[in-house]
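The following pair of complexes shares a single chain, chain A, combined with chain B in the former and chain C in the latter.
The block that comes next holds the complex of A and B.
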């Protein structure tokens, strides 16, 4: 056991501070993206569901509802995409 | 090394060597620049050729060939984007929005074109310039229609109590003049980069599995996924061009009249 522990500490000592930082950042990158998807996922699901309901109830308003739906999706999706950019920044920069 | 498979380094994803010219020189010309140039020249040539075609279909009196394509695309932007968001008075901004739409669509569609396989907007520089252009454009439209009062009108919506103004003005200032261009650029960039990473992941997986012995059984699934995702990315390329244009149209429309 002690030999193993010594080997681990030696390996950790060989890593520079920058390496350690990038390793922990890479660990948190997935978490950041996962958390960023939760809200927009619920939001887009609710939004599209309600739009489908509106279109089914009033088919003549379908064009207007669809345009507004895409606008709403674009605004909601921005949060998930910012999470994705944070993922890229944490992981690769 | 994952499961004994060797993968190429991640830097190969979006970094391209210059086709000519040394690295870091101002005239260096790489794949992204080539895609942007093709999108610019291709759109211009398409519109010039379509504009010169005067003959109509004899039976139905409808335009034909390239003019038919371009006319239906412009009609889509006119009816599907401008009249839905601004109204008939927004038709004078049709040329700007149409060129925005076509440029983004063609640079995006290079994601699935063989030998390119790279969306031109998966590098931040392209979307950033397009978003900055839209930002300048909607501020200019606002100043033209409302004068310098535009800035006050856009940060302080009418009907807000005076006591709330210190809270509302910073929020509206941030959301109108900073978040708008930022989210426009990031939306386009992140969507295209995500699609590119998806396609590259499955392509590289297919290539790597070809040499593997036991894991070869996974190859058909990976390949089917790649085919399906290619279709999906064609849709995304179109949808992102549509969303960028419709948001630019909404921003221009909101700066034409003070909110009331």
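The block that comes next holds the complex of A and C.
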């Protein structure tokens, strides 16, 4: 057990401050991307659920509802894309 | 009994996606030249790549929803949610694979993805009809005449 602890301490010491900063930045970037996809996921689920309900209640308006749904999905997805771009820029630039 | 999502003729998502591709073909060269002037040849190539990702994303989303709409509303729900997951994964993969390539500039690539996605959507809002007679795009005078005949 003490050997394992010693190995861990040695490995930590070998990491420079820059490495540790880079690892922590990657972790936070991943967290930011995860959070950025969570909200739109909930949004798209709610949006499509309501759209399907609207189509079931009023089938003659299905085309109109589907158009709104498609645009709504694309707008909601833009949030995830913004999160993704921020992740890419934080991680690699 | 027909499915409540069944639509005779062209699906509205397909019409919108096709129109967006046309708009991307108009705005794309302008964006590529503008970013090429700022970031050079690599910036222009990255902008073209970002534009292709956005267009492919719209086309794939429309294709999945159109396909699901022909089957059942439950499929629309599944296609929308799993489609979101699949498309985000594909975008992630498309950028992850080229992130270290010599021709990739990540800043113009990222800006292109966000700006083109939102820009095309806002532009498309002006063309959308949202009426029961024309559920997709606003009719042109030629299509109005052919409908009335």
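Throughout what follows, the second predicted complex is superposed on the first by the 72 of 93 C-alpha atoms of A that agree within 3 Å, B and C clash if a C-alpha of one lies under 4 Å from a C-alpha of the other, contacts with A are read in each partner's own complex, and residues count from 1 in each chain.
In this section, a contact is a pair of C-beta atoms (placed from the backbone, for glycine too) under 8 Å apart; a residue touches a chain by one contact, two chains touch by 3 or more.
Quick caveat: nothing in here was measured; it's all calculated off a predicted structure.
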(Q) Clash or fit: chain B against chain C, after overlaying the two structures on chain A? (A) clash
Q) Should A:55 be classified as contacting the first partner (chain B), the second (chain C), both, or neither? A) second
Q.
Under the stated touch criterion, name the partner, chain B or chain C, that contacts more residues in chain A.
A. C
Q: Quick one: classify A:45 as touching chain B (first), chain C (second), both or neither.
A: second
Q. In the superposed arrangement, does A:32 touch chain B (first), chain C (second), both or neither?
A. neither
(Q) With both complexes overlaid on chain A, does A:64 touch chain B (first), chain C (second), both or neither? (A) both
(Q) Looking at A:92 after the superposition, I want to know if it touches chain B, chain C, both of them or none. Which is it: first, second, both, neither? (A) both
Q: Would you find which stretch of chain B runs into chain C in the superposed arrangement, from 74-82, 110-118, 146-154 or 218-226?
A: 74-82
Q.
On chain A, which stretch or stretches are contacted by chain B in one complex as well as by chain C in the other?
A. 63-64, 67, 70-71, 73-75, 77-78, 81-82, 84-85, 88, 92
**Q.** Residues of chain B that touch chain A when the two form their complex
**A.** 10, 80, 84-85, 183, 186-187, 189-191, 193-194, 239, 242-243, 246-247, 250
(Q) List the residues on chain C that touch chain A in their complex, please. (A) 4-7, 11-13, 16, 57-58, 61-62, 65, 69, 73-74, 76-77, 80-81, 84-85, 87-88, 91-92, 95, 99, 106-107, 109-111, 113-114, 117-118, 121, 124-125, 128-132, 135-136
Q: State the interface residues of chain A toward chain C in the complex, per the touch definition above.
A: 37, 40-41, 44-45, 47-49, 51-52, 55-56, 59-64, 66-71, 73-75, 77-78, 80-82, 84-85, 88-89, 92-93
Q. Touching chain B in the complex: which residues of chain A?
A. 63-64, 67, 70-71, 73-75, 77-78, 81-82, 84-85, 88, 92
